[in-house]
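In what comes next, chain A is part of two complexes: it sits with chain B in the first one and with chain C in the second one.
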Partner chain A sequence: MSSGEFTAPAGIDGAASDAAPTPRQGRTFAGHVPGEVGVWVLILGDMTVFALFFGVFMHYRDHAPALFRHSQATLNQTFGAVNTLLLLTSSLFVVLGVSAVRKRMRTVAPKLFLLALCCGLAFSVIKVLEYSAKARHGIGLNTNDFYMYYFILTGIHFFHLIIGMGVLVFLWRLSLKPDVGTKQIQYLEAGASYWHMVDLLWIVLFPLIYLVK
Partner chain B sequence: MVVSLFRQRVTLVWLGLVCVTGVSWWLGTDHSAAHKLATIVVLGVAFTKVRFVGMYFMELRGAPLPLKLIFQGWCVVVCTTLLIMYLVGG
Partner chain C sequence: MNRKAQMVCLWSAPAFMIVFLIGFLIAGLLPPPSPHSSAIKIAHFYANHTNAIRLGLLVMLLAGAMSVPFNCLIGVHLKRIEGRSHVLAYTVVAMGAVNCILICMPVMIMTAAAFRPLRDPNLTQTLNDLAWIPFVMVFPPAVIQNLCIAFATFTDGSRKPVFPRWVAYFNLWCSFLFLPAGLLTFFKTGPFAWNGLLSFWVALTVFGSWYFVMFYALREAIKSQAADEAAGAEPATERVVPPVTAVPQHA
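Let's turn to the complex of A and B:
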């Protein structure tokens, strides 16, 4: 379905519920939901959970600003920034990959999804390097509050990224199919939206953990 | 044919996001005294980037209004809350 309508339940805008039933009880909104509504429930749910994490991090930072600033100085900001650029670039490749599938560019689309996957792998390598450097210096979850939140927040994000790489493999396999129908396009859009969510969560995590002073 | 694929507004958006990331990186690692202002800018820029990712990469520009409003509302509410927490907490 390349375009569609989103229907809000009747009475959502405060209309009298005891009014006589009419044939058309909902209000329709024009527009196309990328993927499907279900994937947006997942994405917006995940974003809400991460919003709470951001708030918790900021709350505990307020309790010990000096400790957080001192611990933050030991992080490698360059790694964080390069990872941001990698995810932004991977997102561009995914957008172009979906566009290539829509335009029936069958040889280009799979390559774009593979390039996006390579960016995800590079992110993972940098994250592992970062974690192992901390471990070598004896820094772990229990070192202090800052490192605990650093490892938990970046770790949960890393988990999302690994799932996202699995999604990218699925998108790559889908783009290899000779005939891609509307259902497959819907899957592509849903998978792409998930990957962009991984990107946008890191866009907030990077400044929050690495840059806020 | 491939070049035409890159000739989309989304490529310009990506370029803008990359440039702005560089500015945030520079601001965030700058050790000048104005780190409070730098932090406010860096957080504001981050949520603006998120909005652009949503509108252009996630294709929410053409989405139904409620979905667009929820997404952009998230950006405004979370950004404002974090900035208030930062400024009040010091």
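Let's turn to the complex of A and C:
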């Protein structure tokens, strides 16, 4: 884990695959897996479950299209759109942050992760505003089927985002370290992949719940 | 290391699953009764299949205790990772004990419901609620176990880690999937009700797959531990053990 192990600043893809660790046991992987193979068990597994959530949502939507359409019209699409932009921006910051660490730009990298974290915080503030506006109008989990899915699906996503912010804090602390070895790069990529998943899930969730007519 | 004892604990997991499932089927609890059912309907269920329910529940109760050795086996291997401090191992073992109680308690409440099935249907419905709600909603101890296993595996710094890292990520995934079960408190119908797709069927599938994955991971861990001990120097404990155990045995 000494700095000597970390051969070259791996900015380009070819060098990045040098940084890929050799799996400790079993088969060897020819290509570069971002982070490590294990994190994809979590990410793909989680995305499968969200796919199931979305399927269930579509199924119940088919049973009461008018109710879903009417209730959907009451959602604040501006909040949803701003949140989409915030998450996309935060993902960009994370990408830049990881490559800054690779290029050993030690002053820039932590700032980029903090900016990504700020986007996550802004998303949270908007989410809380959105939920409390609904609560003020007396709309809750049990109002009807649409709101049930709205609250639960966005709520579970929000929960993922909060954990993701913890991950970003971890990435930020990693980027502050003077020595970055292959292990650290691996953690950075794994954490970044998780954050991109949070972003990706929202990109599906937003049109599905807020927009699709 | 006592490999035989470890193997018994390992195989207690599939035994637990199979016996539990058999009990579940005998009692006719699969699929679960809807939380939306009327008191009369619930009372009918207990009154019509009384003895099958009683027998099935008895089998489930037997199975419930069988989950403990497997949880302790996980604890033993977390101990190997942790070295001198064993907090995560102890937490897993304690949560395993809690899980056992949380499995057995609803079974016994259902037994009470089936004990006098001709009572006031409202009372039977109350007992039925009292059993099914904790039965499906038991996620927190399991989540803590998942997090302990993940945390220990992530911090395993040895050259030959006890568990591969994907096991840690898999446990994190399981912990996410146990959470929707908590939502059953809000609903009597739909996917988040106690008989719903997401709180019951998904959680049950995840619960089952967690046992499969941990069974595989532990089998590998036992093998590698045995190989290590055969290859390396005899561990200090094994050399010390014979004289120490000899004294109380013959005393």
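Basically, the second predicted complex is superposed on the first by the 184 of 213 C-alpha atoms of A that agree within 3 Å, B and C clash if a C-alpha of one lies under 4 Å from a C-alpha of the other, contacts with A are read in each partner's own complex, and residues count from 1 in each chain.
Keep in mind that, in the parts below, a residue touches a chain if its C-beta (ideal position, glycine included) is under 8 Å from a C-beta of that chain, and two chains touch if they have at least 3 such contacts.
These figures come from a predicted structure and were not determined experimentally.
In the three-chain model built by superposing on chain A, chain B fits alongside chain C with no clash.
In the superposed model, B is the one of chain B and chain C that contacts more residues of chain A. Judged by the touch definition given at the top, the superposed model places A:53 against chain C, while chain B stays out of reach.
When both complexes are overlaid on chain A, the residue A:213 reaches chain B alone and has no touch with chain C. Once chain A of one complex is fitted onto chain A of the other, the partner contacts of A:32 are limited to chain B, with no touch recorded for chain C.
When the shared chain is aligned, chain B comes close enough to touch A:62, but chain C does not.
In the composite built from the two structures, the nearest CA pair linking chain B and chain C is 15 Å apart. When the two complexes are laid over each other on chain A, chain A has residues 40 in contact with both chain B and chain C.
In the complex of the two chains, the chain A residues touching chain B come out as 5-6, 8, 29-34, 40, 44, 47-48, 51, 54-55, 58-59, 61-62, 65, 77, 81, 84-85, 88-89, 91-92, 94-96, 99-100, 103, 105, 108, 189, 192-193, 196-197, 199-200, 203-204, 206-208, 210-213. The residues of chain B lying in touch with chain A in their complex are 1-2, 5-6, 8, 10-11, 14, 17-18, 21-22, 24-25, 27-29, 35-36, 38-39, 42-43, 45-47, 49-50, 53-54, 56-60, 62-68, 70-71, 74, 77-78, 81-82, 85-86, 88-90. Of all the residues in chain A, the ones that touch chain C in their complex are 24-25, 36-42, 45-46, 49, 52-53, 56, 60, 141-142, 145, 148, 152, 156, 159-160. Against chain A, in their complex, chain C makes its touches with residues 160-161, 164-170, 172-173, 176-177, 179-180, 183, 186-187, 190-192, 197-198, 202.
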